[in-house]
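All chains are identified by letter, namely A, B, C and D, in their written order; residue positions are counted from 1 within each chain.
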Amino acid sequence: MTKANMKRIGILTSGGDAPGMNAAIRSVVLAAHHYHIDVVGFYHGYNGLIEPEYVQQSKVLTLADVNGIIHCGGTILKSARCPKMHTEQGLQAAADTLAAENIDALVVVGGDGSFTGLIALQAYWQGQVIGIPGTIDNDLAGTDFTIGFATAVNTAIEAIDKIRDTADAFERAFIVELMGRHSGHITFNVGIACAAEQVLSFENFSPQHATQTLVTIAKEIKQAQQERHSSYIIVIAENLWQGGATALAQQLQQQGIECTACVLGHIQRGGSPVAKDRILATKMGVAAVQALISSKSNIMIAEQHSAMCHITLAEAIKQGKLVSQQLVDAQQNILALTAQTQC
Amino acid sequence: MTKANMKRIGILTSGGDAPGMNAAIRSVVLAAHHYHIDVVGFYHGYNGLIEPEYVQQSKVLTLADVNGIIHCGGTILKSARCPKMHTEQGLQAAADTLAAENIDALVVVGGDGSFTGLIALQAYWQGQVIGIPGTIDNDLAGTDFTIGFATAVNTAIEAIDKIRDTADAFERAFIVELMGRHSGHITFNVGIACAAEQVLSFENFSPQHATQTLVTIAKEIKQAQQERHSSYIIVIAENLWQGGATALAQQLQQQGIECTACVLGHIQRGGSPVAKDRILATKMGVAAVQALISSKSNIMIAEQHSAMCHITLAEAIKQGKLVSQQLVDAQQNILALTAQTQC
Amino acid sequence: MTKANMKRIGILTSGGDAPGMNAAIRSVVLAAHHYHIDVVGFYHGYNGLIEPEYVQQSKVLTLADVNGIIHCGGTILKSARCPKMHTEQGLQAAADTLAAENIDALVVVGGDGSFTGLIALQAYWQGQVIGIPGTIDNDLAGTDFTIGFATAVNTAIEAIDKIRDTADAFERAFIVELMGRHSGHITFNVGIACAAEQVLSFENFSPQHATQTLVTIAKEIKQAQQERHSSYIIVIAENLWQGGATALAQQLQQQGIECTACVLGHIQRGGSPVAKDRILATKMGVAAVQALISSKSNIMIAEQHSAMCHITLAEAIKQGKLVSQQLVDAQQNILALTAQTQC
Amino acid sequence: MTKANMKRIGILTSGGDAPGMNAAIRSVVLAAHHYHIDVVGFYHGYNGLIEPEYVQQSKVLTLADVNGIIHCGGTILKSARCPKMHTEQGLQAAADTLAAENIDALVVVGGDGSFTGLIALQAYWQGQVIGIPGTIDNDLAGTDFTIGFATAVNTAIEAIDKIRDTADAFERAFIVELMGRHSGHITFNVGIACAAEQVLSFENFSPQHATQTLVTIAKEIKQAQQERHSSYIIVIAENLWQGGATALAQQLQQQGIECTACVLGHIQRGGSPVAKDRILATKMGVAAVQALISSKSNIMIAEQHSAMCHITLAEAIKQGKLVSQQLVDAQQNILALTAQTQC
């Protein structure tokens, strides 16, 4: 398909919302407008293609619609999970809507679940499909960063900086549970940035060593409190420890350690995006439109070494991107250095 | 005691830390220095008067010690609960330390538990005692505001503004549990300021109506989602609902309402104080020193209608200050107005 | 006029925008809706009543229009100065529009210039008029606080906290010019809250002492740098010093003092309102509608000691509200205390 | 030199302070401690090696000295420009101090001026020298990012988000002058992230076209205001336009455009570093110590594609790193797209 043929792009946001999704929507609309292409917004994720109530909400997004949203968290297109995208009927209904609306190409801003849907949809619909990585978890392969990750990390460190004030005042241990689904990107970055005394994530912890880890940490906390008279903050990835931060806190208390669990939860999803996410989203939105004009399909827009590139959707989701060994090492080094201080 | 006799003031921070405690310490030190009075800092709350290990940490606070701390959360003097202050031996030990250190007057920055200790101490020690209200809960009588309250409210609304982004994106219900011990000041102020659809606090909820409340809220949420396609945020005071926000969320889910519980927890305690708390703490620190010079004792420094005043420690703690009926009414009005929108 | 007769309220925002104006608009619309009254929004301040282009933009504000705006800076109704309100033709045109639109009462959110217009308008139009104090300057008499003031103070201290980092790193003097038109509320509050070494405002400086002030400050800065090795921050009210902060910096440089001028400027106007301004605006919006229902007119809604009250528009603007002598004294005390440290 | 020989590292911060300098100092001290190496802190930049008054302030930095500083702006080692480093006597004095203090290696956190000094110093002193790039300007070659840049960009967008509120309320033009010395990194990134309608920087503007640029911009602003009824924000690099933002504003006013100049100034330097800068500084500090142990000298620690690497000091400063053409293009595209909206 060439530029001349491209008339209408559909766009939706899907899965957990991420700061910068609005910046991506804006960028797609501005870029498409430049090339005289209409952008139709579908609401509530893939449901916007399937549920008649939502389908009828779909509308051509005007320049005014995307004015003044670059700095807003959430998504003006709403989001949702959509179990029907795992069914034949759901996929067919989505394809029918796209055909009925004369959509030439569909852009989906979301994470791996959203891209799985996008791959499946291609068996039912012939239009071009492009993914834009929008998830705070940074767990898509082939791109250095996903939209929303940088903001989530900053939100978490601002929260932990506040917790540190109390931790220092009481020379107390806190366990802070961070989002990330099954990846440690948020946890490792936050751990380094807030000078956490301990980082527990998928990359450096295996469940069968839970008991041993517990004993080690309890010993370290006692040393920190008794020898350095200092606070001790553990950041821990969600879905890592059976029962989460709360269970870990109880188990440490059984070892005689006073400590408090904090689950940061959904404050990590929202908020005004930091510059990194606004710029990334803006570049990716332009790149997505340009890729469509160049007849690209079945790809995710990615950023590698600050440059835009394309990778196939299948590659993007095939394996959760790991935290770089270098970052794990850096954190371990710093921890080792800190631990060193106890001797 | 006159200014001429006043030579050494002791100061400590006690109980839960509150943003602005450092500003209060700074202000006491600067004011005392102006009147050629030394200020001795004791560490870890009342433990600093009782535990030998901490007593020996006590030191005269220099101007350099309090430079550059007005904007820091937490407390440079550390804080702690101190069960020994409920025992004769503890009180006697504290009195002995104050005598040994030649302390003429003791300033305690804290909440009602701290002031109870200060009242008790007077049976064992003859020096002047002054309380400065430092608690995020704003639950001391006789003062319009306590140090830390304004910051805690702002921290909470910034967090809920972020949660709102996700709530809006998913048209979902969130239950946010706020600190405040047994008072609703934080909850009501935050509820109004973040446009919460529902506020549950001691002033407008009684446990025997829990079941009925549950039904009402479930109905309201359904209406909000179905008729206004909007999110719904409940702010709820800690210690109010049996099992807290998590239990309430489960009970609502049993009513068929998808909802998510968020416990803001300790991020509400720390952080750089907002202007209100810095100024309040600065004024109170000066007022405390001036009150001591005027031979005042057994009082808490208070602010009423922007002016400094004194009330007895007994009055300050005799009954948790209630949220003004006017504020409760204002919030109920707004809720009523919002509810109106569903008809 | 009774509730039964009140059918349509007009609302506009006028003069310099202030954070919390949107919260006030929302509150007026919600409260009016509760009483089955329509609210018509006029755009671009009084121009919305005068310029045909803007008159035709006026519209009934729906609940959806005011959803999700409580936390937004600026004003959804736009604002402007309006010189025509000083002319007979302008006032008559405004009155004609109000009559043509069947407006029963007009609510104006703004400062003293806006209220002067509202007073003048009453000679041309018989409807009820109510002012809501919305200005960062806090310079209206009869109300403890105006909407936007608390946010502006916090914005300024966050900026100066950043400047302090550099000032400390270089042990350097900075002169920071703050808004406030002809009042020192922002300057004094910010000065105390950011621990400024010097505050220059209308309340403590007269131009005929400029030369002497210059010499004194130069001496103090030298002492600070040489004896305490510390930074030195002067906050100064706009419109106070001939040529502003830039001129003062040059004059100090001529005295051999290296220093840097910073004019904070318009960053002080915008931004998400702090809790205080959101709550104040919400309470005032409700109070305005209730006052209209009670047939009140020619008044400004005010807050005194946390309670809503009414004062006449004439009183509100008759004299710029002064900074309380208590606050000036507190600041002078603190400065004296600080100065003490140099001896 | 091998690890066994490395006994004492000296460290100083030099030139304009940048958020994250403290995180770098902490990291060097922790890493050195791990390898049983002492770190001596010198104060006030290179003056700490030259001025006897400052030399005697130098001290071994303990773990306690660097505890709790990762999130603090400014630099605990103070900073300064140091003209004497351009003289033989100054360089010799610095070398003498390093010899007298038994320093084996010197780490300097700073920008190109600081590294020029470090290169010159090697003619007078035989120890190892390593630079860590700490400057908000991001103008050093060979590293993707410098410490402080990400924070400065975020500080600027937060300020401009506030200015946008007022600009929108008045549909007004603002000109915001940003730091960056002679590079456009801050300006371009901020321009994209705050959706600026115009970006003026070294990469896309040459002074001989000033008159033409002025006419173009004036025309665009008029179109924006008249056709889109929108605000218009220009971000402009410092040192670009003769007379700066203020002069540009006056020249636009002469073209009949109402507009306001804002010089963000020193608020861009300070503040708590964002996660990116804390992590970058932490990784670079560790890398610097490890490089010293590996006998490296005359290099700057750099980050390329998220990995640590080394480049020679000469390369780092030989030419100001340009803004990537890709970013300039992206911004131009977005501008073009926006401009498109006026037709």
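Definition applied: a contact is a pair of C-beta atoms (placed from the backbone, for glycine too) under 8 Å apart; a residue touches a chain by one contact, two chains touch by 3 or more.
Because the structure is predicted, anything quoted here is derived from the model rather than measured.
**Student:** What chains do chain A and chain D have as common neighbours?
**Tutor:** Of all the chains present, none is in contact with both chain A and chain D.
**Student:** What is the distance, in whole Å, between the centres of chain C and chain D, each centre taken as the mean of its C-alpha atoms?
**Tutor:** 35
**Student:** Rounded to the nearest whole Å, what is the centre-to-centre distance of chain A and chain C, using the mean of the C-alpha atoms as each centre?
**Tutor:** Measuring from centre to centre gives 40 Å for this pair.
**Student:** Name the residues of chain A that each touch 2 or more other chains.
**Tutor:** 161, 164, 168 - these are the residues of chain A that touch more than one other chain.
**Student:** Applying that definition of touch, give me each pair of chains that meets it.
**Tutor:** So, checking each combination of chains, I get A-B, A-D, B-C, C-D as the touching pairs.
**Student:** Where on chain C is chain B touching in the complex?
**Tutor:** 26-27, 30-31, 33-34, 63, 67-68, 70-71, 144, 150, 153-154, 157, 161, 164, 168, 189-190, 192-195, 228, 230, 272, 274-276, 278-279, 282-283, 286, 304-308, 324, 326-327, 330, 333-334, 336-338, 340-341
**Student:** What residues of chain D sit close enough to touch chain C in their complex?
**Tutor:** So the residues of chain D in touch with chain C come to 13, 16-17, 19, 72-75, 78-80, 155, 159, 161-166, 168-171, 174, 260, 262-271.
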